[in-house]
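One chain, chain A, appears in both complexes that follow, with chain B as partner in the first and chain C in the second.
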Partner chain A sequence: MISEQAKNKGLVHTMMFILKGLFAIAIIGLLYWLFISTILQMHVAINENTNERHAINLANVLISSEKLAYEGEVTCIGTSYPCNHYTTSSSCVSANCGWIAQDQSCYGTPYTCDNYLYSSSCTDAGCTPVNGKVMRGILDVGKLDEIFVRSGSLNLISIKDIGIGYPNSFTLVRIIDLEKCNSFDICDGWIGYLSGPITLQGLSIAKFGECLSEHASADVESFFRLQLTGPALAWWNPLDLKNCAQNNIPSSFSSIFSNSQITSEGFPIVIKYPNGDMHLGRIYVLLGEFS
Partner chain B sequence: MKGQAEIAVMGIIFTVVAVIAMRMPLIILKYHLAVDLNIEYNYNNAQLTLLSLVSAKYNETYSMYRVISERDSNGFDEDMKGKIISNLDLLTHAKCFRLVDETSTILEKGDCSAAKNSGEIYLFRPYGQKLVEKIILVYE
Partner chain C sequence: MKAITTSDAIGIVLGVFVLFLFFSQVFPKVYALITDNFSKASGENVARQLSGLITVSGAATYKIKIDYTPTTEHTYNVLVKDRTVKVTPIFTVNYAEKASSTQPFAVVLNDYEQEKVNHFTVEKKFDGVSTYDFGASKE
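Coming up: the complex of A and B.
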């Protein structure tokens, strides 16, 4: 009887010892997991923050760049060629000189430099063209049409490198005209992909762009997505977007789906049309970077 | 039994303290990052809002810049204020805002008191007492 009790007591002690050990291991495991996950989350938070800050900087550069921003009128300075410089009748007459056919000579007083409005004609007349001042925040429709595509023609979107972008990055730029909106609050605008210098191997940004173009749609769903994600991501079904990213770009690609303020609210701009109209608009920038 | 309850309480306290101690740096870091970024975005947004406002056209002849900078000499009626307010509505998406100079309110919208975000811009005033005027936009 005594031996049976001693045996049970020993068993209880052993079980207690095992349970205490397991508990200690669990506590250590929990602390380790907390430590590792905290470190990882710090890295993610810092990466997202850096990405968003880069997007803000990039938006500022884009609206200040002569590639997109409206430049004031070209001014022409210097001294124009004298009339006897011109050897053909057309160039002579266009410089406000008189042409004598018999002598094949040009005479008179030419236009002064400030009469020339275009850079090419200014140079032809021997003057020096001075580009107009870049107007920060005022985007030129002619330049937007060259780099981006209008919202209605999404199938023609292609990746462009205009020399503005972070290394190993991919930027989705959306510009909307707030004064050209329909009753569903869907506004006219431009959209385009820009890439920075890419040094990674096996990266298929072109395929990613094609995939996005194929799956873009402006339907009733996009109106609801507009309310949820903002205008930059409203054109795509989230599942299509995820598939495009997973199938074409490496897993180190980060942050394009983060719903930051520059992505969802954008920056205010003015859009200048060729006829002189100026509309208020916004520019949205989504930046994806490869870590 | 009493001893076991004490051990349980100690265990709970230890776990809570450990979790908080581990998570607190992350929470503080995230808070600072979010606040800094928010300030940076709001600063840029407010400055660009004012820049876009003064760059926009009032009509075929006048720019918003001229309407604001020459308001003392050309007048500043309700139509002019209304047009500026509608532009600021589009640009800020704010429920209320105020446009002020250094001493007075130029215009305001809404019955709330805007205090959250602000941007400032300096305008050249050809006919004013001072050649340069500081305009401040405050919006909620």
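Coming up: the complex of A and C.
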């Protein structure tokens, strides 16, 4: 009887110590998990901040670049070639000289340099072109039409590398004219995809872009999405966006997309039309980075 | 009495094992991460600053020259390629040799490589077309 009690007591003690050991391990495990999850959260926060900073920097570079921004008129200085410099009738006449077909000669008084408005014609006339100043924040409609597509033709969007873009990234640029909006607050504008060099093997940004173009739609739903997501993402159903990323970006690549208040509110710009009209607008830059 | 000694031993062994794992595997990485993230002279920080400065120089409409010297005590190897800048600090601590960092920037810059430098210059000029230049030297 006594040995039975001693045996039971021993078992209880053993069980207690095992439980204590397990409890200690659980506590250490919990602390470890909390520590690692905090580090992970810090990492995600740092990555999101980095991505957001990249998007802001990119928007700043875009609105300051001669690729999009309006350049002041080119001025042409120096002394133009004399008429006898020209050997063809067309070049002779275009320089305001007279062409004698019999002698194949050019005579008269040529235009002075300040008559030339374009850099190429200025150089052709022997003058020196002085480039206009880049007007930061004033976007030239002619340049926008070359790089982006108007909002109405969403399925024609292709990815372009204009020399401004992070490597292994996808940039969605949306420019809206705030003075050309309909009653649903949907404004005219431009949309385009930009990309930097792709160095990751197996990463096809082009397919992702094609998928986005196929699923973009300016329907009634987009009006409601506009209120929720802002103009940059209003063209897509969130499910389509998710599917495009899942189906076209291999899971081996981690990706992070900027979507904070700063990028969703956009940067203020002015849009300059060829007839001289200046409209207020906004540029939204949404950046997806892959690694 | 014998049973208690055994369980004590198991608990102690398990505790020591967990602590050993923590201090041998996790702690050095976390320590390196924290010191790397919060050190001004770390490769990560210098690479981030450089990539940011290169990109932001594009926001200047005419011309700009930026000088950046993170520290005069340490030097770095720097490599600019494919719109990324890789910075490797040359520290006397062995593990720091591995603490290089590669950060992306968003403008077109010619490939560049230089060793043991700590003074960096980023230059942008606009003369009809924007051109960027990067340089590094020992200060």
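As a convention for this text, the second predicted complex is superposed on the first by the 258 of 291 C-alpha atoms of A that agree within 3 Å, B and C clash if a C-alpha of one lies under 4 Å from a C-alpha of the other, contacts with A are read in each partner's own complex, and residues count from 1 in each chain.
In the analysis below, a residue touches a chain if its C-beta (ideal position, glycine included) is under 8 Å from a C-beta of that chain, and two chains touch if they have at least 3 such contacts.
Bear in mind that the values here come from a model prediction, so they are computed numbers and not experimental data.
A.B. asks: Have a look at where A:32 lands relative to chain B and chain C in the superposition and call it first, second, both or neither.
C.D. replies: second
A.B. asks: Quick one: is A:77 in contact with chain B, with chain C, with both, or with neither? Answer first, second, both or neither.
C.D. replies: It touches nothing on chain B or chain C.
A.B. asks: In the three-chain superposition, say which chain, chain B or chain C, touches more residues of chain A.
C.D. replies: Tallying touched residues of chain A, the top partner is C.
A.B. asks: On the A-aligned overlay, A:53 touches which partner chain: chain B = first, chain C = second, or both, or neither?
C.D. replies: Both partners, chain B and chain C.
A.B. asks: Kindly classify A:41 by the partners it touches after superposition: chain B alone (first), chain C alone (second), both, or neither?
C.D. replies: It touches chain B, and chain C stays clear.
A.B. asks: Quick one: classify A:117 as touching chain B (first), chain C (second), both or neither.
C.D. replies: neither
A.B. asks: Of the partners chain B and chain C, which touch A:136 in the superposed model: first, second, both, neither?
C.D. replies: So A:136 meets both chain B and chain C here.
A.B. asks: Which holds for A:178: it touches chain B only (first), chain C only (second), both, or neither?
C.D. replies: The answer is first: A:178 touches chain B but not chain C.
A.B. asks: Residues on chain A in contact with chain B in one complex and with chain C in the other?
C.D. replies: Touching chain B and chain C on chain A: residues 35, 46, 53, 60, 63, 135-136.
A.B. asks: Where on chain B is chain A touching in the complex?
C.D. replies: 14-15, 18-19, 22-23, 25-26, 29-30, 33, 36-38, 40-41, 44-45, 48-49, 51-52, 55-57, 87, 90-91, 93
A.B. asks: Show me the residue ranges of chain A that touch chain C in the complex, using the header's touch definition.
C.D. replies: The contact residues of chain A facing chain C are 10-11, 13-14, 17-18, 20-21, 24-25, 28, 32, 35-36, 39, 46, 50, 53-54, 57-58, 60-61, 63-66, 69, 119, 129, 131, 133-136, 163-169, 196-197, 199, 289.
A.B. asks: Sort out for me which residues of chain A touch chain B in the complex.
C.D. replies: Touching chain B from chain A are residues 27, 30-31, 34-35, 38, 41-42, 45-46, 49, 52-53, 56, 59-60, 63, 135-138, 178-179, 260-262, 265, 267-270, 277-278, 280.
A.B. asks: Over in the complex, which chain C residues touch chain A? Could you list them?
C.D. replies: 2-4, 6-8, 10-11, 14-15, 18-19, 22, 26, 30, 33, 37, 48, 52, 55-56, 58-62, 82-84, 104-108, 126-130
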